[in-house]
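Order as written gives the chain letters A, B, C, D, E and F; numbering starts at 1 within each chain.
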Amino acid sequence: MNQWKNFSKGFIRENAVFVLFLGLCPTLGVTSTAINGLGMGLATTFVLFMSNIVVSLIKSLIPNKVRIPTYIVVIASFVTIVELTMQAYLPTLFEQLGLFIPLIVVNCVILGRAEAFASKNNLLTSAIDGLGMGLGFAFALTLLGAVREILGSGSLFGLKFIAGDGILLFILPPGAFLALGYLIVIMNKIKEKTT
Amino acid sequence: MLKTFAKGGVHPPENKLSASRPIESLPLPQTVSIPLSQHIGAPPAPLVQKNDQVKTGQLIARGEGFVSASIHSSVTGKVVKLEEVMDAGGYRRPAVTIQVGEDEWMPEIDTSPGLIKEFDLSGKDIIEKVKEAGIVGMGGATFPSHVKMSVPRGKKAELLIINGVECEPWLTSDHRLMLEKGEELLVGIRLIMKALQVEKALIGIENNKPDAIEHLSGLCLGEKGISVVPLKVKYPQGGEKQLIKALTAREVPSGGLPIDVATVVHNVGTAFAVYEAVQKKKPLIERVVTVTGPSVKKPCNFLVRTGTPVSHLIEAAGGLPDDTGKIVSGGPMMGKALNSLQVPVTKGTSGILILPESMSVRKPVLPCIRCSRCIFVCPMGLEPYLLMTLSEKKMTEKMEKEHVMDCIECGSCSYICPSNRPLLDYIRLGKAQVNQLIRSRKK
Amino acid sequence: MDKLLRVSYSPHIHGENSVPRLMWGVIASLVPAFVLSVLYFGLGAILVTATSVLSCVLFEYLIQRFIMKVPPTVNDGSAVVTGVLLAFCLPATIPLWLVALGALVAIGVGKMSFGGLGSNPFNPALVGRVFLFISFPVQLTSWPLPMGFKTKLVDAATGATPLGVIKEGLLNNQQVPPLMDDIPSHMQLFYGNMNGSMGEVAAMALLLGFIYMVVKKIIPPVIPLTILGTVFVFTGILWLANPESNADPLFHLLTGGVMLGAIYMATDYVTSPMTKKGMVVFGVGIGVITVLIRRFGSYPEGVQFAILIMNAFVPLINSWFKPKRFGEEVQHG
Amino acid sequence: MEYVIIIISAVFVNNIVLTRFLGICPFIGVSSRVSTALGMSGAVAFVMTIATLVTYLLQVYILNPFGIAFMQTITFILVIASLVQLVEIILKKVSPPLYQALGIFLPLITTNCAILGVAILAQQNEYNLLESVVFGIANAIGFGLALILFSGIREHLSMVNVPKAMQGVPIAFIVAGLLAMAFMGFAGIV
Amino acid sequence: MAKKESTLLNMVLTLLVVTAVASTALGFVYEFTKGPIAAAREAKRISAIEQVLPEFDNNPGSEVKALAMDGDSVYLYTGRKDGEWVGTAVQTFSKQGFSGYIWLMVGFLPDGTIHNIVVLEHKETPGLGDKMEQEKSFDKKTGKSWSSQFFGKHPDNFQLMVTKDGGDVDAITASTISSRAYCDAVNRAYQAFKEGGNQ
Amino acid sequence: MNSTILITVITLSAIGMAAALILYFVARKFRVHEDPRIDEVEEVLPAANCGGCGYPGCRNFAEALVKSDSFEGLFCPVGGNEVMAKVAEILGREAVTQAPLVAVVRCNGSPGHRPKTSVYDGPVTCAIAHALYTGESDCPYGCLGYGDCVEACTFDAMYMDPKTNLPVVIDNKCTACGACVEACPRDIIELRKKNPKDRKIFVCCINEEKGAVARKNCKVACIGCGACVKVCPFDAITLENNLAYIDAEKCRLCRKCSPVCPTNSILEINFPEKKMVVKGQEKKDAKEGSGKEEKVAASGSEQKESGEESKKDKESNSSNK
């Protein structure tokens, strides 16, 4: 497979959030600002990238029946590493993302990729796939975070550009759903146009 | 408080223009085309051939099997064609076309005007006579009447109900019949009571026909077991289930027949036909037909021979108005729109309603606003809005669970819907789908 | 014959009701409430209502025309109803751009996203109103005092609504009876002489509209009666149990949005149940949730949320509460 | 009273789906029909209750005494994954129709953040054993309530003409957003 | 792709190996990050104390006093410079927030004057109640934020109640509840200070 | 080694172990046998879930395939022979090959050929109009033109031609799933053998009425005169109930029949222009002749103007509803 295609598919065509509708909890939960979205996206990317590598390395050694538990252990290890490292060096961001960091482990994207892609492909391809999907995920989260931040607080990456408050609802839970709903519609339209 | 049925119903404007017009005999047309199937059930095979000479009242097709009815020639003349003619839907059905000559009746038929009250026939004989005369329900469903008179084993009839409701707007044929043939009607009722072995009969008449109520009540004074019950005006009170509910408070179970609640319902026209068949040996070859409409010059009630083309009736009522948009055989709520004026009158034709263009165009359909009106007016307790959607989406099994087969096709739902939704159109389609499903299941 | 006959299934006649007729009936019934709110709040009432109606109609037209690409149906009047009702639950001095934003959300999100008239599961006007309420709590809780045409459009004198006074007081561990002294009498509440949103203040005018709609058979009275009844009974029980911390039931009926909500918003055909049984369940649900929020929640008023929450239950109610089928019981009995 | 508050809070005020954003994938994925939503709710309730119980024991009797609380994530998920698989195997045998109905979604419960999230939240809130279990059940009810309401609405939407571009997931999110908005009314009840 | 046959032995073995490797790795990472994590936690508290107290040179973290109040604990940290008492930072809370607890660090000068306040933790609504955080309501023009009105005031002659309730505190717009809770927390801090802050 | 690490390793391994063991034994106890081939077969099926095979979905069809002993009556029209060969391979059976089919609309009653005799004013669906009456023309067999078939096609392989008001099948998109055949209340659509270059010859009429009646209602109706039967050298044409029918299996596309049809109801599509002189004299009515040419030409050009136009038509059609 063309590696560039393999890498880039995660952004629009097979975007985990906009197209596959996976990993929605963190998508909605942490995107009240663009920064949070980006942070979460990158953390997920790291886990996705690493676990794809490891899974594709050990895939032939794993008996079929314990496939899933093994993958989970691998993923959970990387998540814990992220968790501990973030706690140590980025305590503020860690506090903001809260519960959703340990929950990376159950992000369907990661297990899905491990199961559907890494366990069937070679190291390089899997690594690139992991990176692409991860960055695509990060892109989606940042985009959603940006939209919500702009509408909700009138700022972007913490830089305020209007006086006063924005439309509060968008940084509250209902706004997350609404913003994502309409973003998916727009993304669909874009996808339709490009293909 | 006048009696009526409990649930649902609508009040369309009554428009009984022809209520005061006495029944006139319609002059014979040049040809009649008598369809061989004028009832539910299989069409019988013709007994005549091309160029045969037939007399008025002569049997031209014998009903084979139990649920079938015989067909008699309504005129004297020569059989010119044994071909298919269009029915009300434009589909071609087998028919006998006769060129009308001098009106000569079969000799055994008693054509004298006198009333014959006495009879000594047994119930069985009465039913046999009814069958021979080819009588079918004249209330619209054209179900062979002898079948309804033969109470199935294990069931018992307690009550005969005579349906003089005529709840359809515009139509007045039953109304006129009750006024003009009241005595004959009562004899007919007696005959049916005897056939059914019941002691009691109720004649249900809506309150908008006070003259008929008064007239028949007067006649009933001397009649044991027969009484007239005035009813509040509400469509579709004429539906037998609603009528039974109104008169007896009994509910025919879902999927059941009136006999399940020990009643049998017959139309007044049917009762009159029974009188003529039994007492005068006259088969069912003519009936009262109302010709009416907002622009009709001379709204009338005609006594019409079966097989007469609709165009002939319209001519007699003053001709087709210029603004005609739609011609309906039957009433406006349940009647069938015709696409040709050559369609013949059959045993079930109760009226011809001519609607001007302005009244015949359906209004544009809007989305359902879920106003519940269709539910409130459905006399069967159904949810028409839901049934329509299910029918559109071909969710046949769900439709069956929602009792679509209970729908009596009264049209109240379509009538009331503020969004002009073609509810009944789709429900009919749904019923057909469910029927198919049930049949395929039986296989 | 030269002209072709029309053919269709029966019935061949149709009743007089039509969607526009019903909608304009609702609008007509809202006139008394509108007149009173103009009397109480002056120019602002007119401006807010006009903005709301115009933007609802405009957005509906634009969305249908340019986004959904279907023939616009604005003349069915439903957007006008939404506009009027949205305006009626806003303060009369609210900035007009907020009204337009609310209309955009009501029509765009609440109605058109679902396909327009008849498809939306939630009441559009309430969607717009709650959106504004949550997004702009400051503006949405600044209730002008009823001073007629003396009410200023900006920086008008404001005050808490009667329900707000009670809620504040209870949060401050005050008791209800003394608080009632700050609140107009029940009779005044009935005429609508109090702070509040434009349309909700005058119980009298709303009841008049209710009677009109019931007489004209625009709505069956089931839903409003059950809601008002439930609120009355539930608050009555609380009041009898503890009059120190609960206002009396009549007070609850006459204040806040209960009347407006029960008569106009819970009765929206599209978002309410289809059967009488279902309507009762729906009404009781709204009543109970309203009182729960008023009494125990953070917001002084709960009808808007209660109606939206019960809107979500409507599909389930519809599938669980069927009309009584003719001949059904006999079959099983 | 304590328990009542936990329940009301978890079901209405801090609904797991609508305000905490957990278990969104199945919320979107298995909600197109009421019947499947009921099944899914049942499955989640079952797993969630057992999972909170088991993880509580794990935390209190193993992780805490040994001072390895940092292993929370990995041990919890391992236990939950096994649990789900157990349920799946048993269900397949005991109730094939239910298994059929839930189909591919049973394995998805593994990756349902709601289960793990609730287990972790119960720890964060420092609940005791009984409170943890009640918390688990209450959240399962909250999940079920949201899911069933939502599936009812989606079933309704499948019968009306939703614009093509909005059909499916987008409209589901809009509904979820409006539902979440409505549920904000419960704020402060406990 | 060849899937490996599953036997009891190789299943158990695989899991064993994988968990062992994973946990070893995690163990090491934990050991490695243990220090920094503890430091990061401490740093947050220290920085809060630094913000609310005048300059000090001791380690207030080592001079902590806990007082049980209203079912929870209030902590007092004493700050000294050259052994001299410069003030006490009180870690306080309120349960009356719009949603959940609010934790503040209030710095008192030895005479009881409020020096500065920072918010440690809260769950108030963004855009409303969260204006109690200094940076969220900071006005560049005046250089002040909402909480500035407390600084330099002495609770004995500055009524710690919102104006609506008859106090001296101007509430945050549309967030009376949060403001009230804030006052409640500061009040609690002052009670604690009076009880145990004097040295 | 550090003790934390040791404890970590021991606990996690123990938990892992315990989980594995429990699972293993439970799995053995509760094993359900399910043929693994079902999954394999399902993989190769097209996953269109269209129901063309007669089963509610691809999975059910896969189950049926695995469970049955032969492929009798089991065929996936969408995947065609290719897929069936793959299935056969998995199941180790002989594949039945079925000639590829394509849907053909057997009515040519455009408004020019078929006078309108009434106005239909009901819901725009063939099913309801059919149940109500003959439709806007007097031909009780003819196409009603409300596009139920187009609606039913999930492959976008049909559209309504706004000029003729008749449905048109786009041959290369049609998968012969049969949904349209099912949908048409008048049984107008037939699945016929696909010939090279999409050529086809068929009687474009299903009217069984007597010739005169049929002719009166539609100028291009088959009147059952039997002329075509006589000229067919391969006995491919049969006449039953006043209607000729060309058996696609027997027909060798010799094109002898179509010129002799007095009503031009035999259509030949996608053939090159005939070289030999068309017997102009036989055409009594020049107008009729041109009518037919039009249809043939139109059908030919349809293929060229690929999907674009058809999409437009479909849109305009659906917006009419």
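The rule is simple: contacts are C-beta pairs under 8 Å (C-beta built on N, C-alpha and C of every residue); 3 or more make two chains touch, one makes a residue touch a chain.
Fair warning: this is a prediction, and the values are worked out from it, not measured in the lab.
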Chains contacting each of chain D and chain F, listed by label: A, B, C, E
Farthest chain relative to chain F (centres taken as mean CA coordinates): E
Furthest chain, CA centroid comparison against chain B: E
Chain pair with the most C-beta contacts: B-C
Euclidean distance of C-alpha centroids - chain A vs chain B, Å: 70
Whole-Å gap separating chain B and chain E, where each centre is the average of the chain's CA atoms: 86
CA centroid of chain C to CA centroid of chain F, Å: 52
Chain centre separation in whole Å, for chain E relative to chain D (CA means): 32
Chain C residues counted as touching two or more neighbouring chains: 5-9, 109, 115, 118-119, 131, 134, 137, 298
Junction residues of chain A, two or more chains touched: 65-66, 69, 73, 76-77, 80, 84, 168-169, 172, 174, 178
Two or more partner chains touched - positions in chain E: 11, 15, 18-19, 22-23, 26, 30, 98, 128
All chain pairs that touch each other: A-C, A-D, A-E, A-F, B-C, B-D, B-F, C-D, C-E, C-F, D-E, D-F, E-F
In the complex, chain C residues that touch chain A: 101, 109, 131, 134-137
In the complex with chain D, residue positions of chain C that touch it: 68, 109-110, 112-115, 118-119, 121-122, 127, 130-131, 134, 289, 292-293, 296-299, 302, 304-306, 308-309, 311-316, 318-319
Complex contact set, residues of chain B against chain D: 367-368, 389, 393
Of chain C, residues touching chain B in the complex: 1, 3, 5-15, 17-19, 21-22, 73, 76, 78, 115-119, 220, 269-270, 272, 274-275, 322-331
Chain D - residues contacting chain E, complex: 68, 70-71, 74, 78, 187-188
